[in-house]
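Below, chain A partners chain B and then partners chain C, in two separate complexes.
Right, the complex of A and B next:
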């Protein structure tokens, strides 16, 4: 009567590790990351290099592990701070995507909103002679407001004319990209760098080359905001009346109406809040990580942030970790290519693979749940077979 | 036995929790119009879906032209010359009539004797001929999006004829048509019979059966109650059989004590998305301590009346007063606070947020008030406490208590949660729309008791139901809606189920 199990032990193992629905928020992204690292290792091996050295050098390059030697006035700390400088806008952008997704909207226009915020803050505060104490708060406020305004416009278009936010935000990306290029090229261009004129040092959110214990370090002030903002988004979504309303609207618009929620206002609010976070990302990128804007280029941060957000399971705390991971890899890429001798593009490939695999999270979850069902079914069948046998004997 | 073109013997079909067809046997003669009559959910459509190959029966056999067959798919049914016009048309909007009809069986032509292409010109001619032959005039080159509902239906019929169907199944064909269009359709159906086709007509409208059908089978709760010759059976007998005499289990209730007028609806008009009026000049009043039931066949405007009163739908004429205060222009939130509880027809799409947990859903209508919310911050403890209390008091069964995802709960418990929430609002007016739809007997009884208890507490109750039994059981006053109009309002004790049934079919008040 003994039947061979239809579920192979390999699958059983996966179901056991990934099957717990409560911890799936963590286990599945980690599994996705491991899968992508394995895939990358295979590619690096195929190039005839040692994947372990490659991965270590990634961490060294981004200041997580110490390098063997450092140039004058540089140390692991300098590398680390420089990585954090890049991490800051990525986190805000990913939070912007997450807030929209959690409330049932897809903000694919984060890059455009970042550009608008960065540009407006640049021409208002960046080119002014305001002292730092006045300039920096103003940069943040202007960034938030201009990002929110673009977001609100997208939300309003959706509410008023029922235009899908994906369409409007993508189209607005182009409109802003070229409109702002026009202004930069006409009024603010630096003839040598072909970028906008650099902003004044007192308006930069990143303090460049600060002498600190014999080192020259970049200090990204925006970083101070990252963790509080992540927790603020979490609090807003889970603990406030506004968050409750936005989520109901996102999950079920008809139920929201039934509950007496003003659906249109909620849509606009969701997009405005998402835009505000994108605005923060914009000023920390263009007025911190960079000090100028390159015309006719949309930053990839706004698009990468979508995947980063998914990798972080749309949860603000998860996003803290996923943005850190992605930034570490992209930052360490330069060093890896020089140490291991693989092209720098490989790092972008690693990032791409991680994001690709993390986007498969839902698929992995689905496969795991199917396997789990197969296992329970088999158990049931075994049980009833055993019962039948017992019955026959009796 | 070959005079029967279709025989379905001892057909049983079960779905989770319900037996849709229970040992049903019917035989249809070649060249007759055979009607299937029954209330909503009596199992008519399920039975025909099996004949058309969309489901397979759990038990029983199907014989076509005397041969036993196992119909596995609609295309298999088509091979057997069976065709079906569904209630919801299945047409490609931006294709022409001809393209829709030939879709899947395109006649091939060769362009310049070489390149294979679809012979549209020839098909257009063929369709035109076909449509003339059966009196179904259409312009084959028009696109579907340009033509109206009744023409679309003709296209569906032509689709069957093009595939040389001999057995034509119509699923509630008149539901979407105007009276004139209905007349015309019935004429077409008669024409089809006269040219030798066999027609099976699914309907719950007695008049139509009386007009066209030769024989009629009556289904009630999945069982076959009888097959009769239409010519020598009265509409009344058919209505009796359709409702089922012996079924009604009555709920105990005391004599009503009516109080002050709570709801006054006057000359209410509501339009749908296509700006067609779905509620026409409806007026009624509901007093405290009264259950006012609106009876009617699905889609006659009852739900829209409820939506208009609660503010979910805009009313475009007339007024709604709650305890003397005009609320016609107020928002949903204002109306809720003014004292309206609403148990909507669609639990999943309207009444609940399925991905929220039970505690959050139980607070869906009050989350913004103390104690759930202070200064914009949600008070988790209040949600938890409120949830626990309601779960206890209303016996809501769920896997993990207040943190259960509502999606995972059974329909009966989801409905209990909604009713608990709405009763807790303590509103003067409670609106129940189809409160027992899809629930089992136990849950239905429980809900009926709660509705009566609310009435006895002096609440004004507006009940919309498609179940005649439910209405007869609970109502103190009955209003019947047909085609957007309130046909008749009368105290429940002056009406019999059959009379209500007749009004529901559009027979005017005597």
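Right, the complex of A and C next:
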């Protein structure tokens, strides 16, 4: 008798690699990213370019791999630092989205909160003559407080008036965008750049053009905070009573209420903390990555961070990696389009595809678990068949 | 006063039809943050078809091309919405992330293809398809009535179309068998399943309708605000529509009210800035009027708001 397997070896391989439920949190996103890179490679091939060169140039452009030539006073290190400069606000913004999502709140207003924090810090500290040692901590504190205030307002409106936080955030986004645009245009406009006046160098969170070993490097000081803040959020969510309460409210609001958790307070706290993180993102963006604010423009960082947060599975450490990945791609895009000769929009498409495939993570997990079931079923069948055969012989 | 009504309607109605699209999707239980992407892609598809038929210049055939654009915008929006439906229904993706991804992809894809197609058509990779401004008409007689007449003056061609489509949509959602099943899918999908109706199929169709209606709204914006298709179509109208439909408590009637408030407040703001002769920087302050007004109104009207019960949940037959 010849045994035929109903599960093909291909599927068996996937089940073996992705089947371990403990490591699925990492293996499935990595698998999804690999799938999306294959899809991007196909698109680049279809445009008649070499996908390998394209991917290498992406990494070169963001300072992860060395380029062939560099301009004077530039090196891989300068590119890397400028990538980190962009990474810092993205990480904070994604953490802001994650913290609110854990409480079941969708903070789509990160961009608006960033703008408020950046603007208030700019006009209070950015245009002052404070020395650096006083200015920088003040910038951070003002950013955190103003972001938190906006977040708390959204949470309070939700608690007190049952206004959906998505609507409040969208409305506030527009209100801040126009209001701040008015103030900038009326009082702080730079007639040449059509942006707000640049902040004083001592208030900037990014030390611009520092001479370092013959190079001119931008040093983003906010970066020092990124990893500790990510771990702090992790600690808050997993090891403190407050974090536990927030998560329970997120999982089941009614159960939380019956368990004696003050739901309203949790909603407000969660939004305030989320806003505080968004505020950090705001000051590192507007007073670090940029030194001025463009009126009537809402940064896309706040919206991209939603996707980055979900790509990192809403886990602070996952978000560290996902924001790094997305920043590397967006930073390297410019260089890639000049080297390979593909339009720059391709980079956005790559980002989109990565997110698209990652969104299917639940589906991959589901398929893998079905395949695993098929395999165990087959084993059982084989075992019982063997047992029956043995019985006949005896 | 007349300008406020005329401009307000011209803005409110496309917003309304996009919001109805959102209602179809959300009442069937699929969270739809992708309206922005749908309306952009729909408008792109319509504009591309116009370019394909005319070879890059619409002069002389504006009106037939306008209707062509509308039809193809609906088709394009519905086709693009299949992506959201596929991700959310068979692929069980998180509906929020799917929506955000669709928005990113839509902006990237349309920008990419616009420059590619323009390279073919005019030899320059510009990011813009130049369309015409939609024609207007005035109903003779009725338009002479003071104040009320303004509703019949300088009507864009798309406005009556939107009203008819909206009426049909309301009929389908509230009176037809399909609409009742659709709403049941959003509140209690297990009951729908027990009644022998395919939840996945109903939701799939709902999301496609959502895409089609958003595409229609997007095309109208392209034909009224900018008279062209360009990345500036992604100005947040989709998110505004989401706000409007939540304001309207996921019901078509109140959503129309929300859209009209937006539209009239917006037009009134512009008008106010003009009549007062304020400096242009000050118009930004007036621009916040619709949003502040909405927030204030929400404080009074949202106490009993309730989202569809099964909104955002992936339907799992085995769950109880």
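The criterion applied here is as follows: the second predicted complex is superposed on the first by the 348 of 394 C-alpha atoms of A that agree within 3 Å, B and C clash if a C-alpha of one lies under 4 Å from a C-alpha of the other, contacts with A are read in each partner's own complex, and residues count from 1 in each chain.
Note that in this section a residue touches a chain if its C-beta (ideal position, glycine included) is under 8 Å from a C-beta of that chain, and two chains touch if they have at least 3 such contacts.
All figures in this text were calculated on a predicted structure; none of them were measured in a lab.
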- Message: For A:80, using the defined touch cut-off, is the partner it touches chain B, chain C, both, or neither? Pick first, second, both or neither.
- Response: neither
- Message: Let me test your reading of the model: by the given contact rule, A:343 touches which partner, first (chain B), second (chain C), both or neither?
- Response: second
- Message: A:106 in the overlay: touching chain B, chain C, both, or neither? Say first, second, both or neither.
- Response: second
- Mind working out whether A:257 is in touch with chain B, chain C, both or neither, as first, second, both or neither? first
- Task: Based on the superposed arrangement, let me know which partner A:167 touches: chain B (first), chain C (second), both, or neither?
- Result: second
- Message: Once the two complexes are aligned on chain A, which partner has more residues of chain A within touching range, chain B or chain C?
- Response: C
- Message: One more residue to check, A:244. First (chain B), second (chain C), both or neither?
- Response: first
- Message: Which partner chains sit in contact with A:303 here, chain B, chain C, both or neither? Use first/second/both/neither.
- Response: second
- Task: Could you pull out which chain C residues touch chain A in their complex?
- Result: 33, 87, 90-94, 96-98, 100-101, 103-105, 107-109, 111-112, 115-116, 125, 236, 239-240, 242-243, 246-247, 281-282, 284-285, 287-288, 291-292, 294-295, 298-299, 302-305, 307, 314
- Query: Can you list the chain A residues touching chain B in their complex?
  - Reply: 239-244, 247-248, 251-252, 254-255, 257-262
- Task: Provide the residue numbers of chain B that touch chain A in the complex, in ascending order.
- Result: 310, 312, 331-334, 336, 342, 344, 346, 349-356, 360, 364-365, 367-368, 373, 376-378, 380
- Query: Which part of chain A faces chain C closely enough to touch in the complex?
  - Reply: 106, 108, 157, 161-164, 166-168, 170-175, 178-179, 181-182, 185-186, 295-296, 303-304, 306-307, 310-311, 343, 345-346, 348-349, 351-353, 355-356, 358-363, 366
